[in-house]
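Down below are the structures I want you to see.
What follows is a pair of complexes built around subunit A, which joins subunit B in one and subunit C in the other.
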Partner chain A sequence: MLKRFCQTAKLFKKGSGLTDFFSVLTFVLVIIVFYGIFKFTIGGSKFEIPQQSKSIEDSLSLLSILRTNVDVDNIEMNIAELVALSYSDPSKKSHLEKHIVKIIDDSFGASNCAIFCIGQNQIKGTGCILNVGYHTCSSDTMQIPSYDGKTIEVSLNSKIEPLNLQSAP
Partner chain B sequence: MKKSSLFFMPLIVIILIIVLVNLYIVLLEKGSFTKPIGSRQFDLFKTYLEAEKALFFIDQSAKYSLQQSIYELAKDGGLSEVYASDVLTSRETPFIPIAKKCGKFYGYSLWYEKDAVCFDENKVKLNLELLFNERMNSYLDDYPINIWLDNYKYEIRDSIEIIGRAKEPLKLDILKDERKEAVKKPIEEKIITKEGITELKEFTGTELCAKGSKCGLTAEAYQKLEEAQKLAKEKGKSLEIYSAYRSEEEQTALWGGQTPERYRQRFPNEEERRKYVCNPNLGLGECPHMTGKAVDIRFKGKSNSDMTVDDWKELEKIMYTAGFRRYTAELWHYECCGTERYNRAVQLEKETGKEVRAIS
Partner chain C sequence: MNKKASMDTILNLFRLFFLIVVFFSVVFLARAFIVEKIDLFEIESKLLNYRIAFSDRISYVDSDTGRKHIGIIDLEKFTSDDFAKNLLNSIYYGKINSEASAKIVLRDLDANQGYDVFYEKFYNKELYDEKKVIVEAKLTGAGAAKRLDTGFYVLIKDKDDFRRGILNVEAILPNR
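So, the complex of A and B:
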């Protein structure tokens, strides 16, 4: 079968000039048309890999932060418990901020801006002091339980780019 | 010049067109055009993270639930105040807290009243387990994704350490965006009962099934349920099933005390236990849930204790119109489609010429 195909392919050189011309033209047209169809169908959705990766990295970091054990008034508890505790006991908020800022600075470096959000309340890393501008919480949130049976929404937004003042209008 | 050489080039073009058209159709069917390259791999990562987050939530909830349960139990003298309608479905006294019989004196639960002993110390662990499960359910019910309720076998160790082993694994749909329709529509399954094979519609995760519950019914019963939902919607309400088909294994586990309700341990006497749970060894007539033709139902957004008398009355009317009959001892339990109880109700209707909405 393959041998026969090769023989025919060799004979192709001796084919009619007009048939060849129209065949090549059709070939090129088919490729262009299908390229257009595929491009049109796929081109609708945007997908940015760096953004997706960042979202996954932030979620993993958030889980690690929440699992980190800290010492609060000689009692060992993880950050998730401290968040729940400060939710019902506002006097624990200073402990929470102190520990979270330390963890963020250790994890992302004091020069990088990262924000830990509890609901819409932001706890900013040291790097955010240098990073002038309005910082937003990540939309990729996580639920943790509170002591009163409700859920608390937490999120992490790391590696916030410095505000580019030159490109601002 | 050979004829074959004349047609070679057009043949190649035709083959190319066929291949491209075929490729387009295959990719279209697979939905490849709607998902960019790499997105599925990211979906996989995200699902893994979703599971990690859910497991973390479960762990934390368990910690708080245990602390809270111990506190409440200690405060209440080792007695747990559990409403029969929520956990122990007492057939005679559906809304009486059955764990307390002697009541309270100045806020303290009484262990003795005259000669009557109201508190069995051996039941403290069971009460703790029951309370713990109740707290856990309340946490898990609030979590955005569907986590099975009453899904853990508990073991309480000496230093008040509680170990929970999941009966069913956490299930997350990796390609949830692509399968949205498939999740919403009930899936048909075959179940094997003592009577033989029956078609079962599994509607877990749909609007009709309570969050955290698994729901399945025979096709006929499901059709009637849909009719009931239509009637409820006309009245601005929505129905919610929290228990439907139970396999023989599930019912045996319930009867045998292997579920968080711990019926066997709480009621060692079988006659007493039968007031709260049916014995699967006595057949399908005794356990209508095993037929896939019985439901425990309420209005969406309300727990059994939140349902008012008017709510129950309205529910009964809706369910009767759709072709269900209620079991008199349980305001939430309805049957249809030829169960023993249903047949008796229909027979009685024929004999008396009156509506029989509920039967014992």
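So, the complex of A and C:
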């Protein structure tokens, strides 16, 4: 079968054997060169699914912070109640700040900056550098009802880096 | 005649050079759009950490309502002897789990014993011990593994008492 095929091919062959040989050689070389270039050239991007989960950690930590029981003038209440109380009674704000800073420092470490936001007011942990700008409060907020029927938005932003602001020349 | 031949050679060299430039440009452009590796480690390890932290085998579940309180760790469940087995059945990666492992450390911040109190548990301890050595040796590539830590501020429910704590989940996943 193969012999017959070769004989038939010879009948139709117009170029010389040398031309055929070089054509095949060129084709093989082109394949090898392409393979080599695709294999060894630098390139090909690496695709990383971005980490979008920091807000989940912060939300869970925030939930636990709001549930934490604290002692305020010999009355036990949780942070959520203290937030609502300090909203209508500003004298309780110092208690609130003291307790929140302690919780933030214990949980995130005094070397990491974490910010607890009540509305637009920020309570910073001791890890935050003074007079340095930080990102604004997280957009993932929880709502606490105040005693006058309003809602207070609270959020937590943990382990944040200072803004890299440069003054204009 | 010789001059014409030499001009042709120079022209051919230019053509060849131009062809090579075009050829390499096409190759580099094509390769720029080929995604060779998709790194899922971050998302996979975070997912495992969240599955552990949000698991009902770890969280306090109200027996009357059946409600699961995320972020409140039931110390009785956490310190039980069946904890590792229950968690392994709950977070299922197949009969032979060679996909994921983790160390779970619960730190009691209000223990009042003059020193830090830790409770240490494992998810798939065999794989964790095997891969931890590789992670610490900082080996890379296939067969190696990577580690990711996630910390949560939680409350620890010890009978009727609620104390502050930190739940730290350290996931170790083998490379693929």
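Basically, the second predicted complex is superposed on the first by the 105 of 169 C-alpha atoms of A that agree within 3 Å, B and C clash if a C-alpha of one lies under 4 Å from a C-alpha of the other, contacts with A are read in each partner's own complex, and residues count from 1 in each chain.
Everything that follows uses one rule, which is that a residue touches a chain if its C-beta (ideal position, glycine included) is under 8 Å from a C-beta of that chain, and two chains touch if they have at least 3 such contacts.
Quantities reported herein were computed from a predicted structural model and do not represent experimental measurements.
> If you stack the two complexes on chain A, which partner ends up touching A:I56: first (subunit B), second (subunit C), both, or neither?
A:I56 sits against subunit B and subunit C alike.
> If you tally the residues of subunit A touched by each partner, is the higher count for subunit B or for subunit C?
B
> Examine A:R67 and indicate which partner it touches, taking first as subunit B and second as subunit C; both and neither are also allowed.
So A:R67 meets both subunit B and subunit C here.
> Go through the superposed model and pick first if A:I37 touches only subunit B, second if only subunit C, both, or neither.
After superposing on A, A:I37 lies in contact with both subunit B and subunit C.
> Return first, second, both or neither, reflecting whether A:I103 touches subunit B, subunit C, both chains, or no partner chain.
A:I103 contacts subunit C only, not subunit B.
> What part of subunit A is shared between its subunit B contacts and its subunit C contacts?
37-38, 41, 45-47, 49, 56, 60, 63, 67
> Touching subunit A in the complex: which residues of subunit C?
24, 27-28, 31-40, 42-43, 46, 50, 53, 70-72, 109, 150-155, 162, 164, 166
> Looking at the complex, which residues from subunit A come into contact with subunit B?
Subunit A residues touching subunit B: 8-9, 11-12, 14-16, 19-20, 22-24, 26-27, 30-31, 34, 37-38, 41-42, 45-47, 49, 52, 55-56, 59-60, 63, 66-67, 80-81, 84, 142-145, 147, 149-151.
> Which subunit B residues qualify as touching subunit A in the complex?
1-2, 4-10, 12-13, 16-17, 20, 24, 28, 33-39, 42, 45-46, 49, 52-53, 56-57, 60-61, 63-64, 68, 135, 138-139, 142-144
> Mind listing the subunit A positions that touch subunit C in their complex?
37-38, 41, 43-49, 51, 53, 56-57, 60-61, 63-65, 67-69, 103, 106-108
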